[in-house]
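Naming follows writing order (A, B, C, D and E), and every chain is counted from residue 1.
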Amino acid sequence: MAKRIDVNDLNVYYSKFLAVEGVSINIEPKSVTAFIGPSGCGKSTFLRTLNRMHEVIPGGRVEGQVLLDGDDLYGAGVDPVTVRSQIGMVFQRPNPFPTMSIKDNVLAGVKLNGQKISKSDADSLVEKSLRGANLWNEVKDRLDKPGSGLSGGQQQRLCIARTIAVKPDVILMDEPCSALDPISTLAIEDLINELKNDYTVVIVTHNMQQAARVSDRTAFFNIAGTGKPGKLIEFNDTAAIFSNPEQKATEDYVSGRFG
Amino acid sequence: MAKRIDVNDLNVYYSKFLAVEGVSINIEPKSVTAFIGPSGCGKSTFLRTLNRMHEVIPGGRVEGQVLLDGDDLYGAGVDPVTVRSQIGMVFQRPNPFPTMSIKDNVLAGVKLNGQKISKSDADSLVEKSLRGANLWNEVKDRLDKPGSGLSGGQQQRLCIARTIAVKPDVILMDEPCSALDPISTLAIEDLINELKNDYTVVIVTHNMQQAARVSDRTAFFNIAGTGKPGKLIEFNDTAAIFSNPEQKATEDYVSGRFG
Amino acid sequence: MTANALTSKSSTSGRAGDKIFSGAALGAGVLILITLFAVAVFLLIQALPTFFADPAEISGGEGFFAYIWPIVIGTVIAAAIALLIATPIGIGVALFISHFAPRKVAGPLGYLIDLLAAIPSVIYGAWGYMVLAPALVPGYEWLAKNLGFIPIFEGPASQTGKTMLTAGIVLAVMVLPIITSLSREIFLQTPKLHEEAALALGATRWEMITTAVIPFARPGIISAVMLGLGRALGETMAVALVLSTGNLIPSLIKTGNQTIAAEIALNFPEAFGLRLAELIAAGLVLFLITLVVNMIARGIIARHKEFSGAN
Amino acid sequence: MSTMTTNQSNMAGRPTPPVRKRNSLAKGKLPKWAIWAIAAGAIIIGAAASTLTGFNVASFAIYSALIFLVAASVITSAVEGKRRGKNAMWTYLIYAAFIVAVIPLVSVLYTVLEKGMPGMNAHFLFNSMNGVTGAVDNESVANGAPVVGGAYHAVVGTLLITLWATLISVPVGMLTAVYLVEYGQGKALSKAITFFVDVMTGIPSIVAGLFAAAFFGMILGPNARMGIVAAVALSVLMIPTVVRSTEEMLKIVPNELREASFALGVRRWRTILKVVIPTAISGIASGVTLAIARVIGETAPILVTAGIASQINMNVFANWMSTLPTFIYYQILTPTSPTNIDPSVQRAWAAALLLIFMVMALNLLARLVASIFAPKKGR
Amino acid sequence: SDSPTAAAGSEGAETSAASGVTGTLTGIGASSQNSAMEAWSTGFKAANPDANVQYSPDGSGAGREAFLAGGAQFAGSDAYLKEDEAAKAKEVCGPEGAFNIPAYVSPIAIAFNLEGVEEINMDAATIAKVFKKEITKWNDEAIAKQNPDVELPDTAITVVHRNDESGTTENFVEYLKAAAADVWTYDVSGDWPSDIQSENAKGTSGVVSTTTSTDGAITYADFSAVGNLSTVNVKVGEDYTKISAEAAAKALETATPVEGAAENDLALDLERDTSESGTYPIVLVSYHIFCSSYKDQATADLVKAFGNYVISEDGQKTAQASAGNAPISAAIAEKAKKSIDGITVAE
């Protein structure tokens, strides 16, 4: 059940430091939206405001509105936990739970919340999620081994499996493939393509080809200089961004001429 | 002062698990050698044996020979510390020292040598290294702030700056750009191109374009299945690997048809 | 949109869980503050008569200050000796277990050292005067003979070995496991990433420890030392049994000196009335010493906060 | 010389240069035997020096160690360079630190074993001191009969009082640490708690006992000595250790893990209970063990709160109780028979040994708990 | 098991103390009484299976403090109640206040460890000088003069004193002050004079063990606890008195009631400088302190029964067998019984 996200004039602060300024953007349901832009321009920061994960960072706060199917994420009485269980997130660095086995890592979202789940349901959920993350074949014989014993790429795929296991409405991915090999990347990209049939997907990526391959719409963020806030420069259909950008900065960036 | 590395029939174990088997390879001085291959095939593992960093992992050990300009790294009486100060390494995950300022991070390796370094020399070394890593402009105003306050990409560039500051003979890089934006990546690639005038560079990458762009020779590793050891499948001039591979597996992999 | 679907959906029970848990956490913290406050009030009320008494009535006959300061100094000396010995050795042992000893023996070794923490102070006291003190006598005689010109080693050395230095050593043995086990746990938690970063730069093991391990663990080490200090300052029985007490003197190898905690333990049973108030006032002073020392330690940690290893 | 696969060996490749006889990487490295040679030299010179000043084992050991340390560092320094010399020096120093720490440990354990073993028997373990008077001891000494009376009542008291103290301190201490690390970051209250918890570590144990006695005296009247009062007194001593060690352990749990859990829509309290605490459990367990060990040997606060008893009392809410430390204390300081102190001394040391065994068992238990929940490190 | 002595099969309920009382009696006080108290408690319980006496040897001061606060029904103390304490006792014990009963007499030995020397004679002034560290060698003229038959070595004297506040110290220095006033100029207190810097240890067992392990050491300690140490014969009148229970009991007979004490109060002032030969003047009288009236009948009965048992011949013998102290004389026991029987119940 995909949902749309509408952001109105959002500012994000770390304490007093304005990290992202004046972003307004509409993220369509059942589509993939890519955020691109140079390092430090606030892609991760902005992405985190979409499921209130920025609140976890001391001093992190926003001004403005983020609407999930018209419901303000920041409305009075909204519980961030509700928000996050509907809007899942995959991080830049793989972070499996070190105390848990591979299987328990996949089931973490279910089990940690104290929901009861039958063994057979659990097993099928684990298999389905791991297959979705293209990890099943590599780990099916060691589901009870610790997740931290996997290689970097394997760990990241485990984290993706963990996130899709809770079946959120929206999935945010912060450079999910930056530690993956092309095959896994391809599998994830395929997966994203499948996911968008049901979910809203937002992905931050440094890989322009990836953005071009997987996304329907692309947002380009940029930063004027250190200490300045990051801004949304251009937001359009992916094809338009890559073939026919409106802004000079966008064109420079996507063509690798940026400096 | 670049040096060549010759590896003869190397096996790498984690305790009893044979992770990499029978690798023989010659790495030319003043050139860039790229390792490619699917996740988990042992690229990182093999790379670490080139400066004995695998010994840090409990149970990590090798059989075989690694010669640095004819000197066996694993010869009797060889101190790994000597090896590592001649063969530097940049890791997959950025790991600046959290307790040090940006400046001290850059100087960390230099200071180890205990030689007194004058303040002006230190300053110019810091600037040079940070410029080399394309980070200078972003951090020049906060050299005394902790390195952990930077964004992921900034942190990784800081680690590269730290490694080149000690001027090793060989530089090993384990997916150094996987957390970097295209501009930084480009800068690093340029840097690698410069470095190879003086140094031997070995780089692990998932990005085939990157391998094609920066490397002179490319090694393709593969793994037959989980629990099987990784092997060197093909090693040749980069152009040959990408345009005219001898092995079917290589061709499948570089064309993205693999799996 | 009037009704925000996100608000209605939130499971109230889950939220209550959060509230209860954070409330309990807060409550526990406040309980500690209240307890400590109550202890302070208790001490203050009980000690009060001391401060209003005629100075001649106080032990020693010259008022509370004259009574307390020599044993304050004694307390500080004993704790200082203990920490001077135990801190480097404790950190050394922790490093040995975390970074030097082969993995197979490291665990059992740590366990062995932890055992030291389990031995009751009475036993340390008994061991101190039965085994340690006599064994140290020749050493003290040597010190008095060869280094006697230094005031702290001035002779003639005690014939029983029951001196301040012995007490300090016993205290050091007692705080050693505290410092060791806490530091060890923290050393073991040093991120592998940072250790590897240092090693890859060509650091020797020791250099790796100074660049990656120690800075990361610094606040933890300071806490561990503070915990040890707490024990060293407050230890009663062992000092009472080991030390041949007396007036404040500079020499550490002669009979003399006294600590607050031992003074309380030795005199409490027979104390009543004003004497009791005096001893409790001494307890209050001990409390204040701890307060000041901790303030200093906090200050040191806070200064490095920005560069803390966490996160 | 283009393509080469491992299977084809390296014949097709550039011929590998032969290994050089003189490995330049091994240059300036002390041969392995050198360090043993230095050790042997140090021992010989140490023995000589010690003999000059009148031989004894301590000075021999000290001289040899010092000579070895200096010589090994200097020689390594000269041959392998300053940095490695420094590394060698610190390595030996750290080994030395360990050896130095082991000496008192062994000495104390040996003393306790030597003096405690004779009294360790079933009679001692399973009997109280009820009815054992000086006359009984005098008689058994006169007849050369085995010592009568045991520590069973004190074991019971120790277990019960420590259990209750743990039941009070561990939840309070851990919750406080959770507040400090997870909720209170940067708040004034949390700063105050952190600070005063440190101050609390400096409360002399006797003061804790007097405080608990006064507190319960206020509620229950002046005669309120019983196990639970002692447990509260011990809690005052235990809590700071629990808080401090738990806090340190929670702090080093990477934020990434918390974020991963939050992002799965897991509530904070569940995140803390199921992700943060399990990740830190090994450290917490050893902290708690340390805290228990710290108080299980306390004497002074027990005396004023639980009194002393020679019979078995299983109820912490009524009547006086002995613990092993108070038992030891009184057996040593006021022997049952002043004229024949040997039976009392034997009981005291046997009780000390018993106490050490108990803490050892506790330690093992904590380790077991830790290893069950601890992060699975095996990559 | 809670009856470790069962196998040994000692003691029965054949004693005369049976009086059918029930309940728990709590006493707190002098640690020196601990051994005797264990014996009394055991003996009393054997006769009165439903009664229990618990005693915490926290120290005399702590015992009096607890007693005055109502935390104990009786106190054991090395010193009788001081005036202000006696006044305070009226708060818990009613208008009649509390009273002291001598329950325990113990001679304080001057014990030493000198190889080959079993016995030594000293007068009060010599003892004072030794403990003041004015005499520092065992073969000092002053000692040698009094011991013509003993071969004294040229060993240094190491004085070992108590480092905890103690009734033993107080009684010992009280003797020195009384019998050698011009040498011993310090105030009498349970603390050793801080001007005399010397070796010291905690508790009787501490000084005894330190002395035992140090050649040339001398200390003062409860006679029952001196073990293998040699003792000093103290000059009283013209003779040197060897320490013994009988000689100590004699000291009690020459003692006088404390001035202004109530009729039922048997607090005694000892005549330390007595010249009556055969008396050993360095003794410690340890008291039981009771209330003149208790709140309820059961407690009063229990206190009376126990108090009477302690001073009974049987009780004193039991204590002597266990703790090695000296019994109180029959005359004092008689007076004590009268006082104890006078305990009433507050209405």
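Everything below uses one rule, namely that a residue touches a chain if its C-beta (ideal position, glycine included) is under 8 Å from a C-beta of that chain, and two chains touch if they have at least 3 such contacts.
Nothing here was measured: the structure is a model prediction, and the numbers come from that model.
Student: Please give the intersection of the contact partners of chain A with those of chain E.
Tutor: Common neighbours, chain A/chain E: C, D.
Student: Per the definition at the top, count C-beta pairs in contact and tell me whether A-C or B-C has more.
Tutor: Output for the comparison: B-C.
Student: If you average the Cα atoms per chain, which one ends up farthest from chain D?
Tutor: The most distant chain relative to chain D turns out to be A.
Student: Which whole number of Å gives the spacing of the CA centres of chain B and chain E?
Tutor: 83
Student: Report the inter-chain centroid distance for chain C and chain E in whole angstrom, where each centroid is the mean of the CA atoms.
Tutor: 39
Student: What whole-Å value do you get for the distance between chain A and chain B if each is reduced to the mean of its CA atoms?
Tutor: So the centroids are 28 Å from each other.
Student: Return the residues of chain D touching two or more other chains; collapse runs of consecutive numbers into ranges.
Tutor: 83-84, 86-87, 254-255, 267-268, 270, 332, 379
Student: What are the residue numbers in chain C that touch two or more other chains?
Tutor: 14-15, 18, 130, 204, 207, 265, 268, 309-311
Student: What are the residues of chain B that contact at least two other chains?
Tutor: Each of 81-82, 86, 93, 112 in chain B touches at least two other chains.
Student: Applying that definition of touch, give me each pair of chains that meets it.
Tutor: A-B, A-C, A-D, B-C, B-D, C-D, C-E, D-E
Student: Using the touch rule from the top, collect the residues of chain E that touch chain D in their complex.
Tutor: 1-5, 7-8, 10-11, 24, 26, 31-32, 34-36, 38-39, 42-43, 45-46, 54-58, 62, 66, 69-72, 202-206, 222, 224-225, 227, 318, 321-324
Student: State the interface residues of chain C toward chain A in the complex, per the touch definition above.
Tutor: Residues in contact with chain A: 1, 4-7, 9-11, 14-15, 18.
Student: Inside the complex, what are the residues of chain C that reach chain D?
Tutor: Of all residues in chain C, those touching chain D are 14-15, 17-18, 20-22, 24-33, 35-36, 38-39, 42-43, 46, 88-93, 95-97, 100-101, 109, 111-124, 126-127, 130-132, 135, 138-139, 173, 176-178, 180-182, 185-186, 189, 204-207, 209, 219-220, 223, 226-227, 229-231, 233-234, 236-237, 260-261, 264-265, 268, 280, 283, 286-287, 289-291, 293-295, 297-298, 309-311.
Student: With touch defined as at the start, can you tell me which chain C residues reach chain E in the complex?
Tutor: Within the complex, chain C contacts chain E at residues 59-60, 129-130, 134, 158-160, 162, 240-241, 243-247, 249, 255-256, 265-273, 275-276.
Student: Going by the contact rule set out above, which residues of chain A touch chain D in the complex?
Tutor: 51, 53, 56, 58, 80-82, 84-86, 88-89, 91, 93, 95-101, 108-109, 111-114, 145-146, 148-149, 159, 162-163, 166, 168
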